[in-house]
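In the two complexes that follow, chain A is the common piece, with chain B as its partner first and chain C second.
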Partner chain A sequence: MPDKSAGSLAADPLALPKIRPPKRPAGTLYRGREGMWSWVLHRITGVAIYFFLLVHILDTALVRVSPEAYNAVINTYKTPIMGLGETALVAAIGLHALNGLRIILIDFWSVGTKHQRLMFYIVIALWVVLLIAFVPRQFMHIFGGGE
Partner chain B sequence: MSVIEAPRSAAPRKGRRGINWEKWGWIYMRASGVVLVVLIFGHLFVNLVAGEGVNAIDFAFVAGKLADPFWIVWDTLLLWLALIHGANGMRTLVNDYANNRLVRRILLGALAASTAILLILGTLVIYTFDPCPAGSPADLLPSFCPVP
Partner chain C sequence: MESKPSAADAIPTFTATLIIRRFDPEVDAEPRWQDFDVELRATDRILDALHKIKWEQDGSLTFRRSCAHGVCGSDAMRINGRNRLACKTLIKDLDISQPIYVEAIKGLPLEKDLIVDMEPFFDSFKAVNPFLMAGSAPKGGKERKQSPVERARFDDTTKCILCAACTSSCPVFWTDGQYFGPAAIVNAHRFIFDSRDEGAQVRLDILNDKEGVWRCRTTFNCTDACPRGIQVTQAIAEVKQAILRGKP
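After this line comes the complex of A and B, so read on.
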């Protein structure tokens, strides 16, 4: 019997064992866990805060133009929709700030990496406390309650 | 006769002279971050939480703050630390995601230019600001302005 060619070998389903790739990327110590999600959230909140900062420097610069110009723009910040935007901004800043402190502890604290997951949940807990303190106050201001 | 280097000897250092800017950028993000936590939460408390919150902000409110050296220093630090922190963070993202050399250069150039322009603009606004501009209606100005 002549030697089989490589082509006919590959075509034979019984000749080669089938190795199926995993349906989704298999877990690693890093991927898909607290470390990854804190990193993702840090990037997203950072970009959002950065673009707000650009706008905020420009709108504040209007104090140098005239009181009327500044008031006209800042009054749009007092509408309910922008008020919700400010709430989201404070939420983003709070998360970025608290997770930033967590990053510093991971980098400089001798057992920081060991406790990074616990620190992530502490960050979330402190963030929730921050929002419980801020959001009702902000809603009173923007929706006119408690005046 | 060539000599084979001993295994596990340190990699030869080439072209690593001068200031390690990436290291100082890394340190800056952490140092400025700690200061910004204080500056920004203070800024948010005074502007959004205390008193009437966002409803109290108008020209007179800002003029009252910027007539006080304490808030001039606060806002100057906020402007420089936050904008450079943010721009350096965006530089990290551009370096991570902009694979095309030309696109990356354009984005980094835009980042550098916008940062420089906004730093100059913001600093000029803070230090050339007049809380009582002549000819403006008195009801828009802070109460300490002289009544014409």
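After this line comes the complex of A and C, so read on.
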């Protein structure tokens, strides 16, 4: 919005502007490649796992308050929404763990930096295999009902 | 002499649109995008397009360039979202059916249009002692001898032209301007692994810091951005390992 008035000062004399300038004064998103996106995913999953662990330590500590309170909280984990949350948690931990191994190899394996892009795709492939093994079974538990 | 312009005319021209992120601190409160239609040839570079705009359309467009041949490192800018030298980016390598976005490099204070304040960048560079540190006199002669193998050890990092394309492509540097940045580490690497140099430990101590090499998150943006093809992330990894080993 602020760029509109200023932009018209100089841009008008030529033909009609066919292309609308982007309304992003902050600049475009940097177009990094696999390395940058793996870092973004690693950071997001890392922070998400941290917050889960925080909650998880609290709910486990409840057992010392009273076993009833603990059971009440653990029972809510059996609802479908929490089941989907568990699926997301396994996906996040799987990606974070596999990419963590990739980062260790980049730092400590002499040719790690050379193969970082290939290693990223290997990480994604292993992660997909992991989810194929886990998600159908998890969904049977959530949505299947009787087992 | 006479035949030269007509030979140049034989190369077909086309109209490309450049959208440039402009900022005049005397007029604008915030940067703004402005588009320009420019008549170009496939063999032109982004720098030629910027020259055409400045010379024929809008003389107020501001950018740095000196040698214009990829040696001086003056014209690093973000072209279509990636850090590149304007003088080494050919139009034929870009998709001209889409507008070409040109903006200043990120993470350094924007001064005007495509010019940023490079001082913080050079401060980091100076902080790693980017010069030969040798206290002793060369052995029995006038020169410090080095074998081709010893020279090859740091050959890659001698290529740096200090254009700041790597440092300003680093997500860590964008949010933490205190980080030394890839370029400073590359130039430290150039002397740390130089067999003639005696200051490796000093530089390793400088970079073994909260804002030193340990800030590197291996995003490889620097390696992708380097116009000289330096394996920047590899160099940073080697400095990390040298710190862990305690020697180069």
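To be clear about the criterion, the second predicted complex is superposed on the first by the 114 of 147 C-alpha atoms of A that agree within 3 Å, B and C clash if a C-alpha of one lies under 4 Å from a C-alpha of the other, contacts with A are read in each partner's own complex, and residues count from 1 in each chain.
We take it that a residue touches a chain if its C-beta (ideal position, glycine included) is under 8 Å from a C-beta of that chain, and two chains touch if they have at least 3 such contacts.
Predicted, not measured: the structure shown is a model, and the values here were computed from it.
> Return first, second, both or neither, reflecting whether A:132 touches chain B, chain C, both chains, or no partner chain.
neither
> After superposition on the shared chain, which partner residues are touched by A:70: those of chain B (first), chain C (second), both, or neither?
first
> Would you sort A:61 into first (chain B), second (chain C), both or neither based on which partner it touches?
first
> Could you say whether A:31 touches chain B, chain C, both of them, or neither, answering first, second, both or neither?
A:31: touches chain C, not chain B.
> Of the two partner chains, chain B (first) and chain C (second), which one does A:107 touch, if any: first, second, both, or neither?
both
> Should A:81 be classified as contacting the first partner (chain B), the second (chain C), both, or neither?
Neither partner.
> Can you pull the chain A residues that chain B and chain C both touch?
In chain A, residues 103, 107-108 are touched by chain B and also by chain C.
> List the residues on chain A that touch chain C in their complex, please.
These residues of chain A touch chain C: 2-3, 6-7, 9-11, 14-15, 17-19, 21-22, 24-25, 27-36, 38-39, 103, 106-108, 112-114, 116.
> Show me the residue ranges of chain B that touch chain A in the complex, using the header's touch definition.
30, 33-34, 36-37, 40-41, 44, 48-49, 52-55, 57-60, 62-63, 66, 79, 82-83, 86-87, 89-90, 93, 114, 118, 121-122, 124-125, 128-129, 133, 136-137, 140-141
> What residues on chain C touch chain A, complex-wise?
Against chain A, chain C makes touches at 17, 19, 21, 27-35, 37, 57-58, 60, 78, 80-82, 99, 101, 103-104, 106, 169, 171, 217-221, 223-224, 231, 233-234, 237, 240-241.
> For the complex, give me every residue of chain A touching chain B.
Answer in residue numbers: 43, 46-47, 49-50, 53-54, 57-58, 60-61, 63-64, 66-68, 70-71, 74-75, 77-78, 83, 86, 90, 93, 97, 100-101, 103-104, 107-108, 134, 137-138, 140-142.
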